[in-house]
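Lettered A, B, C and D in written order, each chain numbered from 1.
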Amino acid sequence: MSKGKVAALVGPKKVEIKEFNLPEVQPGAVLLKVRRSNLCGSELHIWRWHHPVIKHAVLGHEMIGEIFELGEGVTTDYAGNPVSVGDKVVPAYYLTCLKCRSCLRGDFNLCQNAYAFWSQPPEKPPHFTGTFATHYYVQPNQYFYKVPDSVPDAVAAGANCGLSQVICGLDLAELRNGESVVIQGAGGLGLYAVAVAKEKGAKVIVIDKVKERLEQAKAFGADYVIDLNEFTTLESRSREVQKLTEGDGADVVLEVAGVPEALIDGVHMIRPGGRYISIGNVNVSKEFEVPVAPGLITRKCAKIIGVVRYNPWYLYRALKFLERNHARYPFDKLTDKEYGLEEVPEALQKAENRVVTRAAIVPNK
Amino acid sequence: MSKGKVAALVGPKKVEIKEFNLPEVQPGAVLLKVRRSNLCGSELHIWRWHHPVIKHAVLGHEMIGEIFELGEGVTTDYAGNPVSVGDKVVPAYYLTCLKCRSCLRGDFNLCQNAYAFWSQPPEKPPHFTGTFATHYYVQPNQYFYKVPDSVPDAVAAGANCGLSQVICGLDLAELRNGESVVIQGAGGLGLYAVAVAKEKGAKVIVIDKVKERLEQAKAFGADYVIDLNEFTTLESRSREVQKLTEGDGADVVLEVAGVPEALIDGVHMIRPGGRYISIGNVNVSKEFEVPVAPGLITRKCAKIIGVVRYNPWYLYRALKFLERNHARYPFDKLTDKEYGLEEVPEALQKAENRVVTRAAIVPNK
Amino acid sequence: MSKGKVAALVGPKKVEIKEFNLPEVQPGAVLLKVRRSNLCGSELHIWRWHHPVIKHAVLGHEMIGEIFELGEGVTTDYAGNPVSVGDKVVPAYYLTCLKCRSCLRGDFNLCQNAYAFWSQPPEKPPHFTGTFATHYYVQPNQYFYKVPDSVPDAVAAGANCGLSQVICGLDLAELRNGESVVIQGAGGLGLYAVAVAKEKGAKVIVIDKVKERLEQAKAFGADYVIDLNEFTTLESRSREVQKLTEGDGADVVLEVAGVPEALIDGVHMIRPGGRYISIGNVNVSKEFEVPVAPGLITRKCAKIIGVVRYNPWYLYRALKFLERNHARYPFDKLTDKEYGLEEVPEALQKAENRVVTRAAIVPNK
Amino acid sequence: MSKGKVAALVGPKKVEIKEFNLPEVQPGAVLLKVRRSNLCGSELHIWRWHHPVIKHAVLGHEMIGEIFELGEGVTTDYAGNPVSVGDKVVPAYYLTCLKCRSCLRGDFNLCQNAYAFWSQPPEKPPHFTGTFATHYYVQPNQYFYKVPDSVPDAVAAGANCGLSQVICGLDLAELRNGESVVIQGAGGLGLYAVAVAKEKGAKVIVIDKVKERLEQAKAFGADYVIDLNEFTTLESRSREVQKLTEGDGADVVLEVAGVPEALIDGVHMIRPGGRYISIGNVNVSKEFEVPVAPGLITRKCAKIIGVVRYNPWYLYRALKFLERNHARYPFDKLTDKEYGLEEVPEALQKAENRVVTRAAIVPNK
């Protein structure tokens, strides 16, 4: 029986590589060989043992793999395309249970059992529940899609997290061509958002404090950037956004910064009747609270919309988006360093120290 | 030339009755004789001189009147119905300029010139710019509608403020039949909201701290009430809402309480993916801020929607709503005391002292 | 091993009762004991051998059953409610494959594999693929919901076909309170539609040619009825609808008549900008074509919306609708005669001869 | 007093140039000097005396002008931008009365008084009611917008008819990036539609029978074209669309062909759940009827949406669209010949004979 390896968290900032027999593939499931997996910020959060639940766990969730074994009854991906061993695919990193109260409303992005199989303890079968591993086990009812041939691994590996989510978020914003969108934060999600908003014909303004990121934002098509080092007050930033939007304020603000104060900035920056999409802020404890006057929301007729994950078919749209556009943007520069599976501890430490910004794990190289 | 009178604010809590010649009616305008005008909470706010701009001003905005004189070219109301002198009508209390940046988007409720003629200094022509007066001057492009014959004055007088706004708010909530709606606050707007939500087939839960108001809410059809004296913590209230909604949380929370903390309550009370409609909170200064974790909005996929005024045709819908439903609800009990025009100072003082809760001015009785 | 029986179509209008061993219940599947099954019009269509594909087949699709055996892993229904043997449930009559091009867009009502297991030849396992049978086999990924205790069998049995579909159709019409809806056809679907539209606060006008049906429509809450025997021309019907809608025309027309000419009537009856929901017409061959001037659709800014089946969670909403409302409407009179399983041939023949209008099969009585 | 001239229809295909005193400009109105006016197909229709109402009339409706005189109270355009004499502007060619039953619903594109002042008999004041004239009188409540400096006259002149309408139509189609849109007809509207759909990130397929038009469609960015001379049957065209859309059928079909059969083609070409936007077909008489099986609409869950005119603020969006994009597309080649005012009869005759395809009138050259 074949074996595979996983990078498992065994204590705070402590990772070990462990070996297990490859699991038997149940009907409806699929076993993948991991081709490439990104080191996303939420992995660092888990690695520091800050996550409330995930402690002993196989790490990794952003990935592209190839089909290693198909469970009984699996003949197509979730777009109806025939699949066979060796095909490159990307899975949603969460489950769609169909049976919880959120699935009951068609809100699959809110499935209350989404993480039932995510990053489990390594000893627990089927072992391969994270993507920092040689293999990854896709559960029945876990969506996956074939990757278009023309899309390189380095580009596809981020599709199942950030890209799908910003496409979903900008759809919820009902962004129309000619509208202005301010993107708070030029990290991976922010850069994706620039490209997606540009394809929708929007005017794009990006805010960040890191010069290199603002440069990247421009390379991704941002029409304007606002450097937080230059515009240091809420007032100056709001004024700048107004100036860049013919005095209106932004039609849409998309938050992918993960900074609570961004909410206040955003509500000030939108025009009357504008929309604010909240993606990056996910912490709910006291220290992440900011003071908000509800009257501001009322008077502005603001629409504030929270977005968690994405309906799973957005992953398909993300892959099609990449197929259409990857050559037009420097997607391949989003990761700056590759590591083997044994180097996962090093990759995490370097990401923590900000020596690398976006590391990729290539476990089978 | 005929004369008329207005109740004018001339200092903090200082009202004088003043007499003026009736104005010449310009093309497109209409002069009304006021039949009845409600004393709405925002009038008290102005009367205390707390309003940032309105100081010396004719008071009053909720009203029903009858046509006294039609300006040249006015042959119908804004529903295309022919009008003539003596017809009972209700005007929107604000203008639709058609030419500002909000009107440019069809967001007439956000018209930036909405208040260009509202509650002007009494000496300024056309003098009759408030409804605590014998007459009221309806500007060109100020929407007005005939009142259905069957709707009594006491019922119609509140249509152009609270009722239109809650109908608009519940439409923005895209409330569907069978959904649950929590209404924060059982004042005038809250009671209207109960009736509107019930007509939409919703399950209605009302929260307030005044026993009489909760009783009224039941009379208007509320399925459940939550007494703030009994449920004194955020946790207990959220738990109660969950209990009343099969464990889900509310599909919609509608805030008409004017209490900033209601936002926090509301975001906790809605189900994942639920909507929060903010109407009552309109103050934006520091003391009206409450601590909010943006991550809570993200994680819940909450939709927070501010609502100011209403698209002017909602006033027509409000009148049709009353035509269909007024006999089924105790709308006529929403005002508890009538005053003549000379008694406006007394009415305001009594409202301030909470001796009366909802006073009506009947200036021509 | 236990046995069960099915009523199987073996030739044109030829039905035989056949006995089979009860199937082994696969993981994710459920075996039901049928409590009651309605004889819906589409069954007659199949029975006459007019269906293009279904020839040798177990009959029946509208039903309520009770859980006889739960497949491995099935612990809840599709609303997350725990289930156990003996619980009353209703299944959607079709599958949701999750993997076809329609499921890819979240259009589960359009699933291209919806009928993969519907009304199969009786010899083909699992045999119990229709509801005119003692038992019925619910496939994995076939939605089913527990029936609220208060809802009688006779009321619940039609939920999974007509009621779910009209709720879905009226949601797609974005019907708002106070709007007018004309319902073309007062059969089972039409009567359901009356009740649903009334709960949404609509003004309801029903058109049919059968006096008893129009009477029933009134009993279900219709505000007005139009008798086709009295209004015999397109012009007279349109005029009547206009008269009943203050000269506007209908906001919405819902077609559940199955008569092609209804489309022409409907497009004439709606107001400019009105919506036409097409449900009853499902035949596409030449003899079902009617002449339409596309310019009429353009000039009216009509929205014509076809509705097939329903997103499966509408079945849950249908059951909740019945829980809220069944006591207010004569739902129990929708079926007028009960038959045992052996009497299915007789029931079909009597339905064909219109001796009974809506028969119910009670196979285990 | 200054004088101006108009090209007036005085009989079938009979045009005379007439001179009148320039009208006094009423409060709220604006008098324009016409810079350029396109000869749109509907003018030919009128010129042939085929229009049911317009017989003796000043011709012309697509135009760009400059402000000649501002009526009292007019200080801005309908985007709130200050205006003064000499500014280049474009008016909507119809009125928004605010008071009819359609305006009552915010459906300004359906205003029932839209044409109250359009193409009146020349003798009737204010005489300048068409744009084939030296001057044009913009009524109060007739929307107009300043033209961005960078947009040439030849590009702006078509904004107030075709371009605004297709932007509106594609918004109603809720076209999303990555979706496919088939455009039926590559005339002026069709070419505009290509550009608009491309800016929205769509995949665009254009159908026409004229080789030059298909070439132009490609120049405007069409991804694929279908030549009706090559694909001569409904089946072959549907198959080709399916082939170009990965087997799905088109997400959206936009009809700007004015050919009734296009409806049938379109309903066959869309995917299940697709949208069909009807713009070009506007005739309603018997000879424009085509046979349609309503069941096809039902089974496909098609959405058929008629679009007349546009909400007036779409004209502003059209001008902003041109400002962003005019340099990227050969908009300036959409008109192929310029005529002076005296040459209007010749221009009409040449257009009728298809000697020129899109003529422009430059009346003050």
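The definition used in the following text is that a contact is a pair of C-beta atoms (placed from the backbone, for glycine too) under 8 Å apart; a residue touches a chain by one contact, two chains touch by 3 or more.
Please read all numbers here as calculations on a predicted model, not as lab measurements.
For A-B, the equivalent interface among the listed pairs C-D, B-C or A-D is C-D, as over half of the contact pairs agree by residue number. By number of C-beta pairs in contact, C-D leads when B-D and C-D are compared. Once the centre of each chain is set as its mean CA position, chain C and chain D turn out to be 43 Å apart.
Averaged C-alpha coordinates put the centre of chain B at 41 Å from the centre of chain D. Among all residues of chain C, those that touch two or more other chains are 101, 105, 112.
Against chain A, in their complex, chain D makes its touches with residues 171, 176-178, 196, 199-201, 317, 320-321, 324. Interface residues of chain C facing chain D in the complex, by the touch rule stated above, are 101-102, 105, 107, 109-110, 112, 247-248, 255, 260, 262-263, 271-273, 278-286, 288-308.
Note for the complex: chain C touches chain A at residues 27, 76-80, 96, 98-101, 103-106, 112, 141, 143, 311, 313, 316.
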